[in-house]
Amino acid sequence: MNYKMKILVINPNSTVSMTNKIGECARQAAAPGTEIIAANPTDTPASVEGHYDAAVSVPSVIRMVREGDKNGCSGFVIACFDDPGIEACREVAHGPVLGICEAAMHAATMISSNFSVVTTLARSVPIIEELALKYGFERHCRRVRAATIPVLSLEDKNNNARQLVLEEVCRAVEFDGCEAVILGCSGMTDLTDWLTHESGVPVINGVGVAVKMVEALVGVGLQTSKVGAYAQPLVKQNSPFD
Amino acid sequence: MNYKMKILVINPNSTVSMTNKIGECARQAAAPGTEIIAANPTDTPASVEGHYDAAVSVPSVIRMVREGDKNGCSGFVIACFDDPGIEACREVAHGPVLGICEAAMHAATMISSNFSVVTTLARSVPIIEELALKYGFERHCRRVRAATIPVLSLEDKNNNARQLVLEEVCRAVEFDGCEAVILGCSGMTDLTDWLTHESGVPVINGVGVAVKMVEALVGVGLQTSKVGAYAQPLVKQNSPFD
Amino acid sequence: MNYKMKILVINPNSTVSMTNKIGECARQAAAPGTEIIAANPTDTPASVEGHYDAAVSVPSVIRMVREGDKNGCSGFVIACFDDPGIEACREVAHGPVLGICEAAMHAATMISSNFSVVTTLARSVPIIEELALKYGFERHCRRVRAATIPVLSLEDKNNNARQLVLEEVCRAVEFDGCEAVILGCSGMTDLTDWLTHESGVPVINGVGVAVKMVEALVGVGLQTSKVGAYAQPLVKQNSPFD
Amino acid sequence: MNYKMKILVINPNSTVSMTNKIGECARQAAAPGTEIIAANPTDTPASVEGHYDAAVSVPSVIRMVREGDKNGCSGFVIACFDDPGIEACREVAHGPVLGICEAAMHAATMISSNFSVVTTLARSVPIIEELALKYGFERHCRRVRAATIPVLSLEDKNNNARQLVLEEVCRAVEFDGCEAVILGCSGMTDLTDWLTHESGVPVINGVGVAVKMVEALVGVGLQTSKVGAYAQPLVKQNSPFD
Amino acid sequence: MNYKMKILVINPNSTVSMTNKIGECARQAAAPGTEIIAANPTDTPASVEGHYDAAVSVPSVIRMVREGDKNGCSGFVIACFDDPGIEACREVAHGPVLGICEAAMHAATMISSNFSVVTTLARSVPIIEELALKYGFERHCRRVRAATIPVLSLEDKNNNARQLVLEEVCRAVEFDGCEAVILGCSGMTDLTDWLTHESGVPVINGVGVAVKMVEALVGVGLQTSKVGAYAQPLVKQNSPFD
Amino acid sequence: MNYKMKILVINPNSTVSMTNKIGECARQAAAPGTEIIAANPTDTPASVEGHYDAAVSVPSVIRMVREGDKNGCSGFVIACFDDPGIEACREVAHGPVLGICEAAMHAATMISSNFSVVTTLARSVPIIEELALKYGFERHCRRVRAATIPVLSLEDKNNNARQLVLEEVCRAVEFDGCEAVILGCSGMTDLTDWLTHESGVPVINGVGVAVKMVEALVGVGLQTSKVGAYAQPLVKQNSPFD
């Protein structure tokens, strides 16, 4: 079936080094026929840490999806673990739009009976718990844990951020009895193999999984339903991008 | 206790006639010591009908809350039934921030054992169902119904929009066995008394209730918790409003 | 709107010192136009610690609500954290009837994304967990904790009961990751400010909040729905109070 | 094991003809070694139709359980479908205490994958829905239906009450797709065989099932746990029955 | 009513010593009129530890139920805590079919407000959690714990398996705050009285309870519903046992 | 990454024409580097209609997965909508194992906010409802509907089975308000495009989606977790296939 496609992977924050890391991870995961375009808005916060950062990034993300949709992108990945704006993006896209939290949680339940999440800051814990509920995985999710590190600390290899992530992953395995661990920040994507090796359980990085799931949906001809919640936005006064 | 306060009631869309209607309703509900400021952004869609309209309105709503917080507002009401951006607004506010869907659902469960919601368009039904789940009222909510009218049709008294809302309210009472009905659009606020009279059950308008609940929280000294999900946004590069 | 009202605050147990403490708290919370009547039955157990104590207190509570309803009370607060008999009281009242557990949980979810409860005895923990479920807050409630003190120990300032409550509140903040704490006994109402100051999170006392929420509902014209679960009791042989 | 026992079956309302019908049903279900004592308080409403009727009946029911416990009863059945006061009764009993709604729902899920309930009045529907939730059967329960008949109409064979029950049972089978039907009133116990025959699905009468389940628990040596929620009431001032 | 009956108690694994233990326990629980037939297949794994062991045992279990049904058995107990194949067995049986996990969880909620389970191996924990969800007891179940012992270690009295079970039961009482403990393996049935005595809470052994519940259902005339999920299997090519 | 792989698609029933249809569908969905092996056991029922048919097919399915795992298959699809034995198959496989109900439900929630399922017989409705619960999609699933046709009627083009499926799909769109429809039987796979065209909503065929999701998981290096529920079966006496 359809195996030539272009997937737009959007890092909602404006930190280019994260976008590069995300793009590299996405390309490693992509099938031969898939072109990955990794991009970020330039007017959004340097990192997304909480509801506010996510909310103010969303309009730029929507605009990029809208343009990508017009420019022939087959599908979209929103590469921030809060999955900011994915429903709104679905309204403006024909192809599938997946968040990396969403994709990672789906994948986790396919290869294990439960999982824990390790994210960066404690303030993100209730956000991710609410996402688990929205997607239907509140029972599969053993616990959402914070390594208590700022997102951008992961961009600097000369600190102990990686080590703190590893320690929290190991605590998840030991104390939560979880069978898989999801990395709760797109800035952790390059740690996946190392953490899998160290922890002894599958460690899931949402960026790679989301790319593959978009490929899967596109490959089988599924597009975003335009009946109901994700119908095209209605044209009206002051609607941006029109 | 505290009974002098200023509450900022924000209509997220840019339709001034709706803001006026909302403001009037809010002032009718407010206690003698409460000053109501009703306002809307000027750069947002003319109505909020779906995820996209809500998402692109949120940054302007947040900005208004932030400014209101600096200017001494004690609390905030987001007067759109999709409750757009309330978590992000809570991060930038010290006082309580309530959505009108949220407030109406809380009130409904205090005076009845279950309720139905009557909103405008079918595309809003899954949005409101998800809000009911987020707030914990998915079991109290019998059904979310759409009158199948555009939001702005309620601004024009020379059409059948009001009649269609009444018919759907009556269907809710008859077929859902509900004990109260919530009006699922801030544009319906002026219909509350009429619909209560016609339907025989309490009909709840979120604007009035939200104002009273903000007064209640402020009056008893409760502010938004700054530990966890609603902590002040972290200062960072490209964070707007700084 | 309506800002003159009389609220009957019922302490279901027969300990007058608790009633006085509850009444004082209610008056501090009440708006200028609100008259608070704090009262207790004289034939009920000295404290409510478990299902039995609650159940045998309920008929007297209902009688008081019924009389209050006839004497022009606009609303009712049942000031025991087990919320004994609130559904039955709603059948005999026109105005709103709120329990203090109910009111506190509603308020907590408006200012935080989750909460824990600190109550007195371990036997009350499953009762409060079931209330959280009934009201829809089972996901918002991180944990119900017991300070392991008898209710009446809070009436005596010369013991360590207050200190034990503080310690449990601090454990809730540290170990549950909660963003607010609810005091799970009306005998703790006078500790609210102190515990808020010591713990660093909003500490919620249901008495004050319930008074404000009744004011809010009355103020916006909402009464208990008389269609369905809370319809007036049917007149029949042996029905008391007739 | 234990197969000599005395079970106290309490009809919470004061209508003797119902108690007789309940007692007959209980005796038919009982094992040879089981003595059934069917009784009712004399000071309670003539029927239980709603929260109020239930609440004012509970103290008398508790008193009867307490006396039964002292007089050697091995277990207790509360033969009203609202299961009034069962938790409080458990505090004062050593043997098991079962409600007939509880017992019927347990049994239904053992012989079918889902069930509907047919009760008398619409006001009881939300009460029974809440019981289903409390017991864990909210997903197994397809729907709670009302035949819209007063409880005491079932005491008179010269009206159409029986016919209306049958019609509602048949609607449950046809429209709910249910695999079993529970009779939601102890006044319907004598209709069980007839309705089973007419409807083609198992029709469950809680009185018989509750007696058998109490026999089962007693027979295997299980008593009410005295650790936690159902511990003996604490002795205190004004506690009745002491 | 019906008090002469034959109950087939099937140990799905092929270890005869376990079958004997199970049979003894079942006979102790059975009423005078009940004949217990304890049996096991000879071609199934020596113990059931995980999904695979359960799945490969199921066809033999079904065959035994089918034959028992033809030979006049009134009801069936599947005496493995994973409740393997109970839905399929219900299709081929007229009488009730109960699993021992199912029966134990039902009983636990009748005598306590919550319970924990102590099973053998960690791999069984998610299986039992899923059963709790299926039966509706996910909220009543505080925690499923593993004593980390192989099933067959319980067949040998000269090791520390019993001691490890006791220690885990005590941890459940202390740390989970549970009011009852369920033994999560039919190989633990002979430890019930000892563990009850040592732990101070009711300890529930599913074999005894399941026998009594089957007696209860049969005694009151309830059979497996043949409308819907448990209708007789359709006759078709290659259907075994035909 | 990994884009050469062999996927074993197992039709659990023994009807070769269904296997061929499934294989064709799987091959259409597969990426260029994917080899599809479609196979069925020869000793299982001609169709799977209910718990019994599924249960007796499982051991043969497990055996085929085990052999496939040894012969280098990268992943597995169980192509029956009851997802029979997927947990047991996961124990014996290193690569991912997906059921077609599972895969279809995951995909549906990625492109719509809710879905309905159209299956063959009414007896399968509760089975699929329980699967939705197990996977976490009980809230996304609007309704499971039966076209009331035997599975094998879909193998014959000269009857009205296809028409009945179409009618039920249209009823789902009209009455459930669903945004996507899942085909609840692998025998319907060849109807996907036609039904999508006729209904106006995305119609999802689990076979194609499951193949793509297995490709996705394998492509990103995810295998079944061997810690916990899906660990390799323990070697023991009478364990088949050893």
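Letters are used for the chains, namely A, B, C, D, E and F, taken in the order the chains are written, and counting of residues starts over at 1 for each.
Throughout what follows, a contact is a pair of C-beta atoms (placed from the backbone, for glycine too) under 8 Å apart; a residue touches a chain by one contact, two chains touch by 3 or more.
Just so you know, these numbers come straight off a predicted model, no measurement behind them.
Among the remaining chains, those touching chain D and also chain E are C, F. Identification of common neighbours of chain A and chain B yields C, F.
In summary, the interface at D-E recurs among the listed pairs A-F, A-E or A-B; the equivalent pair, sharing over half of its contacts by residue number, is A-F. The centroid of the Cα atoms in chain E and the matching centroid in chain F are 30 Å apart. Computed from the mean C-alpha positions, the centre of chain A lies at a distance of 51 Å from the centre of chain D.
Centroids built from CA atoms put chain D at 43 Å from chain B. In chain F, the positions touching at least two other chains are 87, 90, 113-114, 122, 125-126, 130, 133, 138-139, 177, 179, 228-230.
All chain pairs that count as touching, in label order, are A-B, A-C, A-E, A-F, B-C, B-D, B-F, C-D, C-E, D-E, D-F, E-F. On the chain E side of its complex with chain A, the touching residues are 122, 125-126, 130, 133, 138.
Residue ranges on chain C touching chain D, taken from their complex, read 14, 42-47, 49-56, 58-59, 62, 85, 87-88, 90-92, 122-123, 125-127, 130, 133-134, 150, 228-231, 233-234, 236-240. Within the complex formed with chain A, the chain F residues making contact are 1, 3, 28-33, 87, 90, 96, 98, 102, 106-107, 109-114, 135-140, 173, 177-180, 200-202, 204, 208-209, 211-213, 215-217, 219-225, 227-230.
Chain C makes touch with chain A in their complex at residues 113-114, 139, 177, 179.
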